[in-house]
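Data first, discussion second: the structure below is written as structure tokens.
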Amino acid sequence: MAFLELDGVGKQFGSQTVVDDFSLAVERGEFISFLGPSGCGKTTTLQMIAGFLEPSRGAIRLEGRDLTKVHPAKRGLGIVFQSYALFPHMTAAENVAFGLEMRNVKRNERAKRVGAALAMVGLKGFEERYPRRMSGGQQQRVALARALVIQPSVLLLDEPLSNLDAKLREEMQIELRQIQRTIGTTTILVTHDQNEAMSLSDRIVVMSQGRIEQIGTPQQTYERPASAFVSQFLGKTNDFAANVDRTAQPARLVAGSWHAPAPVGVTDTVTISLRPERISFADSGLAAKIVTRIFQGNHWLFQCETECGPAIVIRQNDGSPQPGEGEAVRLDWRVEDMSLRASGGAA
Amino acid sequence: MAFLELDGVGKQFGSQTVVDDFSLAVERGEFISFLGPSGCGKTTTLQMIAGFLEPSRGAIRLEGRDLTKVHPAKRGLGIVFQSYALFPHMTAAENVAFGLEMRNVKRNERAKRVGAALAMVGLKGFEERYPRRMSGGQQQRVALARALVIQPSVLLLDEPLSNLDAKLREEMQIELRQIQRTIGTTTILVTHDQNEAMSLSDRIVVMSQGRIEQIGTPQQTYERPASAFVSQFLGKTNDFAANVDRTAQPARLVAGSWHAPAPVGVTDTVTISLRPERISFADSGLAAKIVTRIFQGNHWLFQCETECGPAIVIRQNDGSPQPGEGEAVRLDWRVEDMSLRASGGAA
Amino acid sequence: QQKTLYVAGYGGSFEKTIRDEVIPNFEKENGVKVEYVAGNSTDTLAKLQAQKGNQQIDVAIVDDGPMYQAIQLGFCGKLDGLPADLYDAARFKDDRAVAIGLVATGLMYNTKVFAEKGWAAPTSWNDLKDPKYAKQLVIPPINNTYGLEALVMLAKMNGGGESNVDAGFKIFKTDINPNVLAYEPSPGKMTELFQSGQAVIAVWGTGRVQSFANTGFPVDFVYPKEGAATLLTTACPIAKPTTSPLAGSFIKMLLDPKIQLVMLKDYGYGPVLKSLVVPPELGKMAPIGERAAKLYNPDWTVINEKREEWTKRWNREVER
Amino acid sequence: MTAAADTSTQTAETRASWALTLPALMLFVGVLVIPLLMTVMLSFHDWGQYKGIEPVFILKNWQEIASDPYYAEMFWRTFRIALLATLITAVLGAPEAYILNRMSGRWKGIFLLLILGPLLISVVARTLGWALLFGGNNGLVNKLLMSLGLIRAPLPFMFTETGMVVALAHVMMPFMVLSVWAALQRVDPQIENAAMSLGAGAFTIIRRIILPQIMPGVLSGAIIVFSLSASAFATPAIIGGRRLKVAATLAYDEFLNTLNWPLGAAVAVLLLLALVLIVVGSNALIERRYAEVFR
Amino acid sequence: MRTNGPLALTFHALFVVFMLAPIVVVCLVAFTPEGFLSLPVNGFSLRWFRTIASYPEFVHAFWVSLGLGMVSSFVALLFAVPAALAIARYRFRGRDVLAALFLSPLMIPHVVLGIAFLRFFTSLGLGGTFAALLIAHVIVVFPFALRLTLAAATGMDRSVEMAAVSLGAGGFTLFRRVTLPLILPGVISGWALAFIQSFDDLTMTVFLAAPGTETLPVRMFLYIQDNIDPLVTSVSASVIAITMTALILLDRFYGLDRVLAGKGDPGR
């Protein structure tokens, strides 16, 4: 029996179905991320788990007990709301202390833990500040501290780091991972940041329009996407139309001026799917022209026009010289890095 | 004369100085990003430009005219607030239409432009929805559409994409760039996302604790950071202590088992600063052990323990086999990729 | 020629009577518009004081107590050519006002409750002291003429009188107070206390009791054997720099026998004209003829002298 | 220090606030302040049975009020009753507003109206209803309680302070419910969820989370209820009768029955002063205590 | 899942009973066939409703009260809402004094106010005019409009207004399109209380009502001077019936919750 179980859960607002047939079993101590486009039902699902929304269909069970029968206050959840939902009339410290008070933690102990939690999110010195007098990111960190300080057995995080800069975000990610490891907190994270989801999660749930598209480990979902949607949602994908040239010996798979020995069993025309980071600039291969070259810190992003349509290439900013805009290049990739799809299939 | 000029602007809340001596000249049509840690004063600066906060010191000029003398309603600014600030009593369409109404745009024209703006942010079909019935990302997009639809001459964007998934975010980035190019909108973007700032901006303003640390193009700030703070804030940096071995001929710069010919003029002990993406796994070099290996989609992130302390290495996920956790490796880098600093200098 | 004559008087059915029976004729005869300013006596008096020096009202119709005050404060002008037929009690010093109706102050009781309990009808002012009425007695307070007259009557019966009311105060304080449910000046409230069954006996006037009984509620009026006191409804023309002659005419019209009978019928006022013959079916309770003659007329000159002092004493000793 | 800039912000704010309050201020100065000053003047005038009001300046009335314990007792009763009525309305009305706010749209509207309903019928008819319910031995409530055997003798309600407080609380209740309700509209429902997730029970949520945030509404309601109760005339007069005098009934008496306006004016002015002090004081106290909510 | 528990619903039921009991009693009594107030009602009759017809001044007074209440509460809002916004937002010198002044009509017994106004208006030559009555009512209902608007406006999210300003809304447009809708629950509640207060005021109005502009409470008060009979209850019941009908119509065509809670329902 899984620790937390969602069984065919659905939610309707009026006539609109927002979450549909959502089934998921979460093990104790697991770190799960919900990934999906804006409006796909992530927050709604989280709110149902938290008990703030009642599922229209299906059941949610925590350790086998029907959650709808348990009052939200008794579920022992720590929640970070997408809109923070800080108590506007309490200082940062009071906000964080609230959950401890509810658990009758003694004053001394409380002060210590509140101080530690605020320090952890980098808000030492902001104890007496009211939320309305804080910056967006500071407020978000108070919300995070408030949820973490009670050391809940389940953490529900709705875009908890969306307003933090990369550095802080990473510190917080490490913190989250640590808490989950040491206390064994079962964590569900809603995030729009794929890197975040990938680096933190044991498993990722990719959602689209209220439905689950795929559940799997980060690498599974990224490298063996269950659907075109998943593939395109997680990172970028290039699609090239290719065909098999049976006149050559042995038969060749040809895309523009790129070719390779055709794998067995491929039909006449196929689509090559390829992650941009798997493409390299080479002396031979698909002829392309660089349209724009975008600097992105640790890597460069190239938008190219190729013989087979537009393509995106990512190259690590490893200091080697990179082609400039307008330059003609050749794109090459290894056969094992591409995946093939019968042409005409839905993208 | 610059289009928008901030001249020694400062802001205090009570006794706390939140923005200090902020001077910046923005050209017409320029795209500027404010980058900085949470709470460093980005929103405050933006609010002063918008005219919602009065600077405690200094002046803000738009086309040479003192902005404080111009009523905020007359400045022709489009603003996206960090907290969205949607009108809760208006539907999405009404929210977006508001600015057009204020400009007396005719009903037909208005409906057309509102429809187009909502479609652009991917909210076709959500026209009649009230903000409170929308997801976080949908609300943020309404806020974006509301600011863009009036085609303002200056756009102030405060973390406008923080709640959007990568795909949508990228579409929006392209949209923003396009608008800025076609209409010549002067844009100031506050973001916590370095990739976003780097890929969109003409210039980046890096802030820390209310002060400007550096103003420069994305590549300048990333690759020639003006201070240790900038270097560490933009992307990751590894610092290794090294010393010059003058006994060797020619003199060698040595860090653990890594060494290279010492550049001229380096003193005895120095600190090597190095971006993680510039480090490669090699046969010889700094001995290290991989502590964790984190999958991040288009790249892998390795946390290593080296002879000279912890290090981070980023390798493009180009399909080549990567070392596993616990594996012993050697780290190598090119001399021109590192920057040297006299040891003992502030990090 | 003045266009509008402002008459201030009681509201409710009295207003209706005046509007129906007096005003149309008066307007026709004198070519003037009459505006009726409705309000009870104290309201009217307060308006007179507030608008002092700038009076809007031409004729005021109020109870006798407030009328004495109005006269003292110089609000009233002089009346000429009053009919000689008036009861003496209806006349005021210098003819600054005149009574337009007679009322007797006595006792009212709930006949149904009395019958149910087997109590005999009250007969005397002393019955107010009867402990069986505990918390069921209502008396208007002293700033109301009914209450004042009850005080005077009790003082008189116990060796005092207008000039020496100590005895009255003492009885109120020690004997009557325990019985009193409320000192209630508002007639409406009085009837409501009876209707809700909280009160069964009260000090009140014939006019009120008559109209209350007319609603079908089982109450009757008793002329106490020690005598009932006279209470007047009065009218006076208001003194102004240019007092309208029509004010006097209006008041005299109220003394017209026809109107007097109408007021008796509708409002239970005993006529102030001695010679008026009353049809027998009309005044069952009202002080008419014999009963009118036997009424006790308090000495208002003395009372007015002491009234302020009594009020204070009443507030502190009785009503607390 | 940035005194200069701060002052400029301040002057801008001051200018805006005066621009916004000026129309109301002019209305009040033009129409209310002069009558009030006239009343204050009145309280220093002399009065006599025969001479009426004498426009001289004497302290007679104030001395009388100060020296006669009768007035102290009456004011004490006035404020006691007003305070009790305020407490009852706050304790019952605020939770009711909260409950109302959680109802679905339709019921919310209907019940709001039902609660406003009592205000629609004249105070006379309303207290008449009370009298019929509680009055005498025939009162419905007393009959019910007696037939249930809960009480042996009818409870005195009319002409008691209890009765006054209950009736006042009833009359004033809508003021409290509506003010609190207006303030509740601003509270983000997610905040309640946040508290719940941290383990707060329903009662704690109300006390710790909701109440502080709706404090402006409770304060508004309390100020209205307290002021109105302390200056109310009709309900105390009808339910309390004349023996339980409060400041307003006393002023009424002096104004209408005795015609001693100077004394009545002194009572009224004293009541006004006391109320202003109490209200402004508690207002400042609460605004400071919940400063962050009032920002 | 923000629903009321059984405890809350019980409380609510008791509360409603408490609020309605005296009114229900009054309405029941209105149907008595007797000539006096009696309870329990034995028999049922519309006698006292028919009687209203023979008192046209009651009907007239009802219209006067209605008009006076509507106009005075509306005018009071015109003055009170800007003042409330200033008091809610700014901390300026004189703020407390102003707030106290604006509340003072609540704190004076209405007899005193009535006479003070009568003296004042008489000295201006406005004694006994409708204008005087109207102005006095505006003053008396002002505190309700002010306080309730204040309750809604304090702590309001200012960034929404900033957004509107940045989009070019200024001055009155800003107020009408953004600020007002946001504080609407308070403004409407304030209006309702102000209206009711004006509709129900007696003690002050008695002094200021001119011939022909007596309000319903004044009429009823004068009527019950003679005696209280069930006419008072039937008039009250009629007022309630009329109000309820008006509100039900409003609900049908517009939706009460929308009027009272403003647009843009709270969603989840």
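When the chains are written out, they are named A, B, C, D and E in that same order, and each has its own residue count from 1.
Please note the rule applied: a contact is a pair of C-beta atoms (placed from the backbone, for glycine too) under 8 Å apart; a residue touches a chain by one contact, two chains touch by 3 or more.
Worth saying up front: this structure is predicted, and the values here are computed from it rather than measured.
S.K.: Quick one: how many steps at least from chain C to chain E, stepping chain to touching chain?
M.R.: The distance in steps between these two chains is 1.
S.K.: May I ask which two chains are joined by the most contacting C-beta pairs?
M.R.: Greatest number of C-beta pairs in contact occurs for D-E.
S.K.: Could you pull out the chain whose C-alpha mean position is farthest off from that of chain A?
M.R.: Measuring from the centre of chain A, the most distant chain centre belongs to C.
S.K.: Please report how many Å separate the Cα centroid of chain D from that of chain E, as a whole number.
M.R.: That pair's centroid distance is 15 Å.
S.K.: Between chain B and chain E, what distance separates the C-alpha centroids? Give it in angstrom.
M.R.: Distance between chain centres: 55 Å.
S.K.: Where does chain D touch two or more other chains at once, residue-wise?
M.R.: Those would be 124, 128, 132, 138, 213, 255-256, 261, 293, 295.
S.K.: At which residue positions does chain E touch at least two other chains?
M.R.: Answer for chain E, listing residues that touch two or more other chains: 37, 115, 119, 155, 221, 224, 228, 262, 265-266, 268.
S.K.: If I count partner chains per residue in chain C, which residues reach a count of at least 2?
M.R.: 43, 46, 188-189, 192, 196
S.K.: Would you mind writing out the residues of chain E in touch with chain C in their complex?
M.R.: 34-38, 115, 118-119, 122-123, 127-128, 206-207, 210-212, 214, 218-219, 221-229
S.K.: Which positions of chain B touch chain A when the two form their complex?
M.R.: My answer: residues 13, 35-39, 42-44, 82-83, 122, 133-138, 140-141, 158-159, 162-169, 192-195, 198-199, 218-219, 222, 232-236, 275-278, 280, 294-299, 301, 314-319, 334, 336-337.
S.K.: What does chain D use to touch chain C in their complex?
M.R.: 49-50, 52-53, 70, 124, 128, 131-132, 135-139, 158-159, 238, 241-243, 245, 253, 255-261
S.K.: Touching residues of chain C toward chain E in the complex: what are they?
M.R.: 6, 10-15, 35-40, 43, 46-47, 50-51, 54, 56, 186-192, 195-196, 208, 211-212, 214-217
S.K.: Contact residues on chain E for chain B in the complex?
M.R.: Interface residues on the chain E side: 157, 159-160, 162-170, 173-174, 177-178, 181-182, 184, 262-268.
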